[in-house]
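Order of writing sets the labels: A, B, C and D. Residues in every chain begin at 1.
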């Protein structure tokens, strides 16, 4: 049979490591059965993971493209597929296809800029890819500020990596916050949008936002209040997807398909879309 | 042709709107070709005068809309109930699906509705329709004006009308009718008289046309679950398309079973089916069986009655005897 | 132009069927028509159109994509695709031929859908000109000429003959293969038929329907139109309109566990369904109004925006005939565009 | 090719309190009944939803039998009375759709009726064997 490539037909992947990040988020390391990375990707792109018989779902690739050995996915337990994945062990095979969507413009628009990353909860997952990319090519970017908030200290994703690696990099400032006071936490307490305003960033930055919709909404307002222009702010959307290539129609918002034209959007582009995401 | 006229309904609707009894009217809105009538909510006299119609194609049963509309709208809503709609109305009240206090129901007599499919099978290119005493005068694209007798295009559910009596209303327009000793089970009986092979072939032919649009379910006044088992991924039977003939059968058996004892036999399922599958024959089979095994029961005849499948007696027939019953009859 | 005597019609079907499967409209018991395989004795329907559109033949309601075998932690993916065999779709109306173009732009754009592409490449479309359009027809609104259908071969049926004209190489090869049954003909009878039909088309009740109010770039203008509230208020949320529509192409991908393995299949889905956009964290279209708006905005604004102004509606009139509450795209277009 | 002897697959839904114990007793008493009967224990015969019956057929059952306490003896007072009506209606509907009526059965088997359980199963298996494979309510995907 000599039929053309079919994007809907995935590859087999295997879980080689499971890291418990928070009570409801685990990070899975995935390679092909022969130990290679399944495919190359760019920061912000996504992949479809599936467990046959359970379902297929889109996840952002949290590892940086500069990691040529494997891919990582930080996955929060919230639906059928994720629940199944959370009880999976090392050695479990799954299927993987991708990469899908447009990446962050790390090599053109972001180049030479001061970067401000703002994430809430599991929203750090897609940003980790960009952050590590920028850290890898440190000289191509200006200062890097990272604002990350979660419900509690235990809910901070990649906490060890943030403290041990990110915070120690030259020119990288990490600002962590949690929603409520907690024993053993001497950092900032409060919601991300307020913290961003308190930090009073100068506007000579390109901001990248990801988190729950309500956080995005208020942080965006906060940034605009600080004087940021919407063309300086990028975010990444999430909608229900089935095909990943703009055909099944599910993630259609206005004339865009989030899987194909997104998931990365500049905030002024979002204003042109109907408010349905 | 309907004895109740559009003008009568409009007068009533405008009166109730303007004296503040109701704040909205659930009624029929005119379409492009006189037969494509859409249910609509009217809130002003102007809207009513411009769009409200009532004719032989106003078959849609409004009862189910009350479930959503009474929750959403402020004040009372006026609904017009044809006799068969009034049974659904009562059944929904029995199941506590809407607040009776929020509805003002006007019963209207009905002379039987027309079936668009029957009309279209007779006449090509319908431009407009005039209703006269002796029949419809259909203005067509190809054959000029064609006269069609009402009886020729009457919907099956109306030919076999079970009752012309409005069982629920605050006010009645026109005269109330009587419960009719109809021949509605004859077709079921003739199917029962076939051999299993013939029955199987018959139903395969019908059900294989199903496209699983769910119109039968969504239009059914008895299907008011917040979440249907066929939409629920957790149910294990969620499916969106009949992949195999089994799934066709399962959907239709379960759909009919889930409304068994609650189905008032209003016939909406068959009316809305884009593939003209006689779905009422499934519902009527259950009704016929229940009538024969557990005593006559008409869902929706009175509010609060207990349906056969949520009731029992110690001396009920055994499942095996249900088959024997059929054989003894034959 | 070639001419086939209607007396030879069955010979023609039989000759084609020797090497290829032919699908053509046939009557069903309830008086409607559907596309079915031709076999000896099959009667070609006179119906204007089928209830289900011929898109089924390229994009079937359900189709298996792949299979999985799982053993312990291991997964094996089995590619079950088969290259389609050559087949003929006979008697496709002009509107439906146009719908293939609408679907092509979705399925044949990169990355190409190999399932669809395989069938599309192997299909020969014999399109049939209309002579008795119905009151629900409005293909002219979308610039379609029902008297001159596209497709690989265009056909005109008169009282005594079927006239055939090839439009593509595939079509020419097809006509060549049945040359023995046909004869050369002039276009007089066809031209007369076209003129007559064109006159009827002008008199259709929906002849003056226009798309002026719609097209790419109108999202902002139309999005908050109060019409959506008003027109969607009695929508049942069923999938009839989407399933009978020749251009609706949304699908779902689902797994079925057979007990011996898993079949991943796709099936049609409908944006009218409440579950369509439901995710683990919520649903971005919660009301029927939003779903209703999505369907029409997609056909009349979003799709043209992405496809050089081509609308995702071909005016076949199926939704007009089949919607349980008779709400349809024409009513929406007239309401928004201003009722004339 | 040698024809393999046809053995039907039977699914028996048995109520926990009577019929399942009856099946147990049949086993203890070394009463013979075919091994092709697969027992699914349910808390009450009333737990059996029509969908269970259909799904059993979908997944390859050739016959489905439902066993519960004798009417009047239900552990939950009235569960089996409801079952009786429901299954009567469902089986009548299956028959109406042309599905062989011998493929479905309801039988009341108490905990003391091991012999009845075995006899019922033997009889049911015999009837279903005579009918042959379930073709009318099958899902071909499950037979691949």
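Everything below uses one rule, namely that a residue touches a chain if its C-beta (ideal position, glycine included) is under 8 Å from a C-beta of that chain, and two chains touch if they have at least 3 such contacts.
Everything numeric here is computed off the predicted structure, so don't read it as measured data.
Asks: Farthest chain from chain C, comparing Cα centres?
Replies: D
Asks: Taking each chain's centre as the mean position of its Cα atoms, how many Å separate chain B from chain D?
Replies: 36
Asks: Quick one: chain A and chain B, Cα centre-to-centre, how many Å?
Replies: Distance between chain centres: 51 Å.
Asks: Just curious, how far off is chain C from chain A if you go by their C-alpha centres, in Å?
Replies: 39
Asks: Provide the C-alpha centroid distance between chain B and chain C, rounded to the nearest whole angstrom.
Replies: Spacing between the chain centres: roughly 31 Å.
Asks: Which residues of chain C are in contact with two or more other chains?
Replies: 252, 254, 256, 269, in rising order.
Asks: Out of chain D, which residues touch more than one other chain, so two or more?
Replies: 141
Asks: Mark out which residues of chain A touch at least two other chains, giving numbers and ranges.
Replies: Where chain A is concerned, no single residue meets two or more other chains.
Asks: When you check every pair of chains, which ones turn out to touch?
Replies: Applying the touch criterion to every chain pair yields A-C, B-C, B-D, C-D.
Asks: In the complex, go through chain A and note every residue touching chain C.
Replies: 1-12, 50, 52-56, 78-79, 82, 89, 91-95, 238-240, 242-243, 245-255, 272-274, 276-277
Asks: Could you list, by residue number, the parts of chain C that touch chain D in their complex?
Replies: 256, 258-261, 263
Asks: Once bound in the complex, which stretches of chain C touch chain B?
Replies: That would be residues 28-32, 34, 51-52, 61-62, 132-136, 200, 203-206, 230, 233-234, 236-240, 242-244, 252, 254, 256, 265, 267-270, 273-275, 320-322, 324-328, 330-331, 334 of chain C.
Asks: List the residues on chain C that touch chain A in their complex, please.
Replies: 65-66, 68, 70, 73-77, 79, 81-83, 106-107, 109, 111-115, 117-118, 216, 219-220, 223, 249-255, 257, 262, 264, 266, 269, 271, 276-281, 284-285, 290, 294, 297-298, 301-303, 305-306
Asks: Quick check on the complex: what are the chain D residues that touch chain B?
Replies: 50-51, 54-55, 57-58, 71-72, 78, 81-82, 84-101, 104-106, 136-141
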